[in-house]
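Two complexes are shown next, each including subunit A; its partner changes from subunit B in the first to subunit C in the second.
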Partner chain A sequence: MTGAPPLLQIEDLHTWIATDAGPVRAVDGVSLEVAAGEAVGLVGESGSGKSMLARTVMGLLPDRASTSGSVLFAGVDMLTVSEKARQALLGPKVAMVFQDAGRALNPVVRIGRQITEGMVRHLGISRSEAQERAVGLLTEVGVPDPRRRLSNYPFQLSGGMRQRIMIAIALACEPDLLIADEPTTALDVTVQRQILDLLDRVRTSRGMGLVLISHDLGLVAGRTDRVAVMYSGRMVEEGPTDAVFDTPRHRYTEALLASTPSLDTPRARRMRVIEGSLPDPRRPPPGCRFAPRCTARTEACDESGVDVLRDGVLGHRHACVHPTGTPGATALTKAVAADETRI
Partner chain B sequence: MAGTGEAHLLVDAEGTVLSVRHLQVEYRTPGGVVHAVSDVSFDVRPGETLGLVGESGCGKSTTGKAVLRLEKLAGGQVVYRGQDLASAKRGTLRPLRRKLQMIFQDPVSSLNPRRSVRELVVEGLTIAGRPAAERREAADRVLADVGLDPERFGPLRPRQLSGGQAQRVAIARALAIRPDLIVCDEPVSALDVSVQAQIVNLLHDLKDEHALTLVFISHDLSVVRSVCDRVMVMYLGRICEVGDVDSVFAAPAHPYTRALLDSVPRRRAAGGFPGPALEGDIPSPLDPPSGCRFRTRCPLATERCAVEVPEVRAVGDGHFAACHHADAPADLGRVPVSV
Partner chain C sequence: MLVFTAKRVVRALLVILFATFLVVALLSIAPGSLAVTLLGDAATPDAVAELEARLGLDEPLWEQYFGWLGDAVTGDFGTSLRTRQDVLDSVLERLPVTLELALLALVIALAVSVPMALAAANRPGSPIDRVSTFLASVGLALPAFVVAPVLVYFLSVQAGLFPVAGWERVGEGVGANLHHALLPAIAVAIPEIAAFQRLLRTDLDSTLHEDFISAARARGLSRSYILWRHALRPSSFSLVTLAGISFGRLIGGTVIVEAVFTLPGLGSLIAGSIASRDVIAVQGAVAFIVIAYVVINTLVDIGYGFLDPRVRREAV
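Showing the complex of A and B:
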């Protein structure tokens, strides 16, 4: 990034969570930047650390967690800032939407109160003005009959409607950055689509930054400027979305893309498989964490510290010792791909 | 209706593993009768994988369960290799049930937490009163079949397994009694992508080795396209479209199928989607719309759709749809997506 300092700047972040069997290294040395108005995708499978990264930014970690590194938001370090100052940032500056809107909403408080609460507190406006703004917000997020909805309880609404309410609450204080953690995972495909269109619309009209966290590569592909891929607490690849999806360099990204069924690729009866499973997050391998499952592994992969992001063209960075696209490797990949995509 | 009509059914019922006719499932609730499945008819052919797709509330899981008589039927027949399960008495149903197995979405909660893997996989044989030696042999065999080392995994309890391992145990358990047909209800939906591919491949291999027929229920269109031979799309308890996977995905005839496919995020489409969004929410199954149940959200709906229930009719070779406007020139502003 050049010019203005980024909106969010995460530097060498570690988030470890204490357990009886030793600390779980949920996030283990991750750096990420989000510019104002930019949409960044954060992808990875369960256990990759993507949600913990978001929770660290928001200060929503369990007491057992400890952190190091820095999370600069608009110049303020979210890790060391006082609780009061942090509270002042959450809402007006940065807001978050969670996967399960049914559980994130308070079940015994009316929708209207849940939307206006933050506005009254942070924007210093009257309850009646907040009420009027809430009607506007619900209209913006596509909730029909908004005035009547304000007096509803969450259980009276469908999953899609509840997620719209969550987004309205997140938008209420006009944040500069919205972190959406799997915002559509619990929703049906046609409803998911409505929510994704909504996020696109509000982001563009408000010039808001967006971090879209998902396990679904296809979902992130069509609607972000840049994408970061995480595996076992580490960032393995990062760059412009098209570059990462069209020419993945890291072996994990490449394998993940190849094992995801898609309507965009020729129909294959057998899917490409990543053998094995995630390493124990308490005792990760010393070098590249994907090495034990990787087909291109050599001894060099097991050396401590090899999995650092290497700069590439147009800011496309990866942490692979044997990146795809290197001479020799391409032929191998093609041979494997041909074998796997028998129709 | 988005549901009736027989154009898609085989005349010769001898050639089917399963023939479902006019299946109806209803639930009585304090708010009224929920019409979960209304007049659904379809065939499952030997050795095929039939996909059932649709969104929550479309009746796909209920249909799957009703086929095994795990739901009370309000009407219709379910004929398995010439025998009607719907009217079968308990005594005749029992041996037939061994031929029909089911795998569920959440593998860990579908397994008894107090039993070991070794006991779990042969529970069906225990119930059938098979001798211990046979059960031991079967446990080793099916665990090896699903790629789990019997020595290592046999003594474990379900909570000690990962999601993928637990789903393998659920599959082994179904295989142990040598079934003919397995209904898989969202078998990979709770799994991560890399594990999902392992399970899909496993099902594919086992199907060939054991000459199985599969009914594969899923909301994930990309997975269905990869796994299934034929696909049946449902909406609010009725059939919208049935056909070979290639034709249905390449040229969807029903506006709902088209809307579903247009809602799958695509990399190469402008805006991330190849076509317009579907407006509104699914109507209440307590009081479904008259005529075609999709008409309240359908861009092609006319007065006829409110009055007359569309019948399933042929729209191509091995491709059927229940829509009055299935042959209308309906590109609806879709953007072609290059593959």
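Showing the complex of A and C:
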């Protein structure tokens, strides 16, 4: 983050969704910056608010949602901008890849129109010119026989092909920022890697910013510059990807990493899980929201306002009252370790 | 698509056979001897037997049916007992009136209800939605025999915009024809508008919650473009079904409106023939309506294939 203003600057964002039982605090005071050309991972379990964050940026919230704070994109506040002005940004400035391309592609509209309609609207080019560009895009994202694909319907293609087409649609108007919301969750493992490699390739070749949203830490690890971890609508840790993975400070991040199976894990050991579940998003705990599930919890964790991000080395920030890796916490860590061997 | 269409056509033929058989069967099980009714109580048994033999009423039901069917496929639907006119001729003479009325009403109903439903679904709970849905409820509660006289009173008698009654054939000028057809068509269309609006509004609402609509919004497309080009088609399956059923129903079911406006349509032919127990004419006209109904519904079935490419593949 040097000098130039970030491409995307989210400040103290709250996205609350009204329900009969009170507002769901889907996003509750989150700040995040993405620089031009930077890849940022956004990690958290389902229900942590990461998808809602993405939808807020894109203006895709349901009518009963309300927001506060600011989402500055290229200097424009996406929360207060007029609908028309926002539509002009969606596509040429910021685009989104959805989780399940099988559902995010209109089943009764040919692939061709779904790729070209944005270009016709935003780039002011003719239908046939957009058609030619679409062939180029499909080639770029690795869809064989692209000219014929344009007249196909989504159901005639495999899941991997559909996700490639989703990406081609997102790239159509050459956005500065691409938000990929769980882009590989609905795919086979073998295809997942191809899609992630593809995202990497187009990002570097186009110098595009990327927000990669995933519940899978391992997926984000090798492919982002920085990573932000969300829990129950709050950001709990944020920093350079390597630092967060090698030396997680927040107890939640640590537990999340420990519960991710890897090839190094001895086979005989049972997989670690985080006991309990996410707090009720309508009545979150007053202090640290992870406290009820945390093994290092003390009374200090329940004071309201303790879960603010604290600055650390090299921009590695966390919101933990008892961060791991600090001298005072060693005893606790040992106690946790002992607890685990018992399991 | 070809196999799909062929299957639909075969099924339609079977339905037509079964339905026309029912028409013949229903008339034969109606109480009382037809010949007695036609000749009057004073008829001699010989005369009754002679007429029954001529009409084929003394034969078993299946022979009656195949006799009728054999004649029907050669275009001979019999001769009206009342007017001595060829049944096929009188049906064909009145069919254009009814077809035009039904078609015009359907076009009006769709042209009004689709934008109404789109406007309502665009912003659920907004004043537009509430007004549109309220008007639809009112329309649904108004039967044609209420709507038709009210329209005639205000638009024809008071305002003098339309003729009070009567019909002009298309041959006598499209303008004059539409001038006479418009008001009856509106009267027929109003309850249909209401039903179409409610149905499409509901289906649109669920479509608009789909991921592919969010994805279209994320492409910066305008609301109206998304409604017309992304949401309408996947929301219109039930509407197409209902419109097909409505069209079929209107071909035989505009009796009341035809009576109010004194239109020479199929409905008034059947109503008149039933009143005078003209069995042959009723049989022919009803068979015609059945065929029209089945043909329309088959076209609707085939139409799904155009609406949703996925249907074409399924072996139904």
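Note that the second predicted complex is superposed on the first by the 325 of 343 C-alpha atoms of A that agree within 3 Å, B and C clash if a C-alpha of one lies under 4 Å from a C-alpha of the other, contacts with A are read in each partner's own complex, and residues count from 1 in each chain.
Convention: a contact is a pair of C-beta atoms (placed from the backbone, for glycine too) under 8 Å apart; a residue touches a chain by one contact, two chains touch by 3 or more.
Bear in mind the structure is a predicted one, so any value in this text is a computation, not a measurement.
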| item | value |
| --- | --- |
| First, second, both or neither for A:297, with subunit B first and subunit C second | neither |
| Touching partner for A:46 - first (subunit B), second (subunit C), both, neither | first |
| Partner chain in contact with A:190 - subunit B first, subunit C second, else both or neither | first |
| Touching partner for A:274 - first (subunit B), second (subunit C), both, neither | first |
| Touching partner for A:158 - first (subunit B), second (subunit C), both, neither | first |
| Which partner reaches more residues of subunit A (counting touched residues only), subunit B or subunit C | B |
| Contacts of A:98 with subunit B and subunit C, given as first, second, both or neither | second |
| Which of subunit B and subunit C A:89 touches, first, second, both or neither | second |
| Subunit B residues within the subunit A interface of the complex | 55-56, 162, 164, 192-198, 200-201, 204, 219-223, 225-227, 245-246, 249, 259-269, 271-273, 277-278, 281, 337, 339 |
| Of all residues in subunit A, those that touch subunit B in their complex | 45-46, 158, 160-161, 188-194, 196-197, 200, 215-219, 221-223, 245, 255-256, 259-275, 277 |
| Residues on subunit A engaged by subunit C in the complex (per definition of touch) | 55, 58-60, 63, 83, 86-92, 95-96, 98, 100, 103-109, 117-118, 121-122, 153, 155, 166, 169, 173 |
| Residue numbers on subunit C that touch subunit A, as the complex places them | 124-125, 210-212, 214-223, 225, 229-230, 233-234, 307-310 |
